[in-house]
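Order of writing sets the labels: A, B, C and D. Residues in every chain begin at 1.
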């Protein structure tokens, strides 16, 4: 039962998992460091070797997971089980993490940008048991508020289109280089409604400033609305949990009510 | 019963509605693209033809809706029903969407800016059934908190007048070109209280920075207040819904009600 | 009973109140317009006359209110009632609104900046009945959360002192003109923690950016905390009101429970 | 019983405590003032004397507290009690506040930066009874939401790594001096997600602005999530307190419990 042993090794053995997690984090650090030109030039060889090493480990892991995938699911043929693994979100992440390394061997493109896909392996950390309960609360809250949040986002989107078109017509003449087109104007409206306000683009005419003030004030409501929606969902969650735990028993007569 | 068939065609037939929605979205995209000078010059003719085509479709739709409006409402004379449609918010939006095209034929003004009115047709998307429930929740929440939110806005307005007048007297001497008048100062106070902070105008004197710090800190409360109000209204809503679903049982006689 | 008639005239007659409110708003507008140099020079005489007129009306109103103050309160001697009025918040606001006009007649100082005090008359609008209920809700919420909010403000203050001292030591060498002293550094920390971010001062060293990132992230919690406190107070308020209205009566047997 | 008298003097006597608090605040003010070069040069001697005076008082206080520590705890030997005091958070703060003054006498380093540690003495203000209840509410709320907040922070961290890597690849070519490496890119992502937006670094390419818009919108959710979590925890707290005050009555037998 080599397969079963390997399956347990890669799934239960914590030192193997620690190795993988360490390698993921080292990959993130290496990606960041390699973006510093002076460091990259100095240690180019090291980065290349580390790249080959990481991809090798991840490839071996992927192959082993693919091979032992039929122990992971209960029903289905061995082929359908492997297909299930390949198309599961973690299976796809694992594949995308190694694919960019092999593609250039076939296609003569510069796909170094795809190395960014390896970052998604960070998401694997959510598999850790300790984190999963809090994460579940958060995701269930987000799921429950999905329709309200999408409406808010949609209203925000319409607001952005409207306000940026308006500002384009108002400011274009005074700042033809800044409010050059509605695209630039949209960039301004995002920066304003999210209250980021980089300061690279802002109205200078009186009317523009007046309209922009109104839009910025609406921006606060735009922040308040999702916050209110999410807050109420968290409170609902909390009350549901409390209600499930509650069962009133009279300490005198023992009646449940 | 041609009228009834047409009424059903424009109101129930989903492929006709899809066409209208598609045309609205294409109009938005065309408005955005036409704001890019290089694109507009290259495809000027195309934009003009698309303009004529859209307005024709919207005009025909408006005429049909106006004609069949008497099937839309139950009571009243055929004239009062049509008046009702014309003055309903969607009726007005539909009219304003096509009017700017016809006005220049009568008045010799450049009313291209009014094409922006066509954007309001985007609001029609809220007629879609799926969206309406979530939107109802949000609008009912906003309605319920209207008086609290207006008070907050009003207090914010007084705060802005006060702080910008103050800052004008404090900063005017040091930066006569930036804090030129209270109008400019108001622009600064909006940018600060909404925490947008473009960075085109800010205090440079010690006293100005001190006052500005206090105003910025109040700005946080200014964000917190509407968020709190909206949150509590969402929670109230949520609890009302729960209560309506709950069965009341009298502990005395056991009657459900 | 001339006094009683005058008392009713200034307190109940709505056209007199409308005049006063209009005059207050016109004063605000005049203050804003007079800050535009080109407008002020052109209409200097008009502004002066309007000033004299407004102060005259406000002075007469103050004298009448002072004179009829003994009808406003139930207990006390006529002197103690007038003292009560003079030291009440609205009595003081009314006095401060006219005082800056008379002071220069006695003291030879330029007190034009004190005209800002007249802005506080805007607060009188809160006397209006319609506004008072919502305002009461908000002020009672703010009162109830006073101790939590002050703690938050105090923690924020300590955080600001700590972070600005830290940033001063870290950035002073690299930007001796920006992070010149801890005062400048404090200005930076306010702009960062309130997420205003004007962009006139920011770290440029690696360590400075790292520390600043952490401080900015804490800044979000700094916004979340008062929002959470205020939200919970609004909800408490709302539930109290609901509970007071509630009285469960069984529709079958009439038992209250 | 000199020791007992001293213990009561430093712990209960309010005028001694007032002296210490005043000295702490004067130290903070002195640290801020000394950062102004022109002030420091003028009053260097004064600052030095005040430094020696403060450290002397703090040292004497520390020695007395250390000596009387055995009266502070009930159990343990006199040595273990003193160790307990030395390793308690307030004991450590008090030690760190004076240590930087004595270290240079032994080690020849410039440790003036460590004077910042004295700022932590400000935290002692939380010992004051009046403040402690509100602070307890806030800290208990933060403790209860620790796991949700850390998840949010962790997700935010992953988001930052992902978005800054993405933006580095997108913007690096157009602005090699701004988006120089992923470190700079991370600085941008912090400024954007926290909505601070200093404006020292922002995307200029179309794709960069598009991605940045999405990231900024997510940033709002990133603010909404902790706010929602903290709000719900405050409400839970509030309801628990209410429930503890409430009398339960069994509807069957009428017993209060």
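General observations
Please note the rule applied: a residue touches a chain if its C-beta (ideal position, glycine included) is under 8 Å from a C-beta of that chain, and two chains touch if they have at least 3 such contacts.
None of the values given here were measured: they were computed from a predicted structure.
In summary, the interface at A-D recurs among the listed pairs C-D, B-D or A-C; the equivalent pair, sharing over half of its contacts by residue number, is C-D. Relative orientation of chain B and chain C, expressed as the C-alpha superposition rotation angle, is 90° to the nearest 5. The distance from the centre of chain B to the centre of chain C, each centre being the mean of the chain's C-alpha atoms, comes to 30 Å. One simple way to say how far apart two chains are is to compare their mean CA positions; for chain A and chain C this gives 42 Å. The distance from the centre of chain A to the centre of chain B, each centre being the mean of the chain's C-alpha atoms, comes to 30 Å. Multi-chain contact residues of chain B (touching two or more other chains): 183, 186, 191, 195-199, 223, 227, 229, 231, 235, 251-252. Within the complex, the chain C residues that touch chain D are 147-148, 150-152, 154-155, 158, 161-162, 165-166, 168-169, 172, 180-183, 185-186, 191-192, 195-199, 202, 206, 209, 212-213, 216-217, 219-221, 223-225, 227-229, 231-232, 235-236, 257.
Those residues of chain D that touch chain B in the shared complex are 195, 197-199, 227, 231, 235, 251-252.
Taken in their complex, chain B has these residues touching chain A: 28, 31-32, 35-37, 113, 116, 119-120, 122-123, 125, 131, 133-135, 137-138, 141, 149, 153, 156, 183, 186-187, 190-191, 194-200, 222-223, 226-227, 229-231, 233-235, 237-238, 251.
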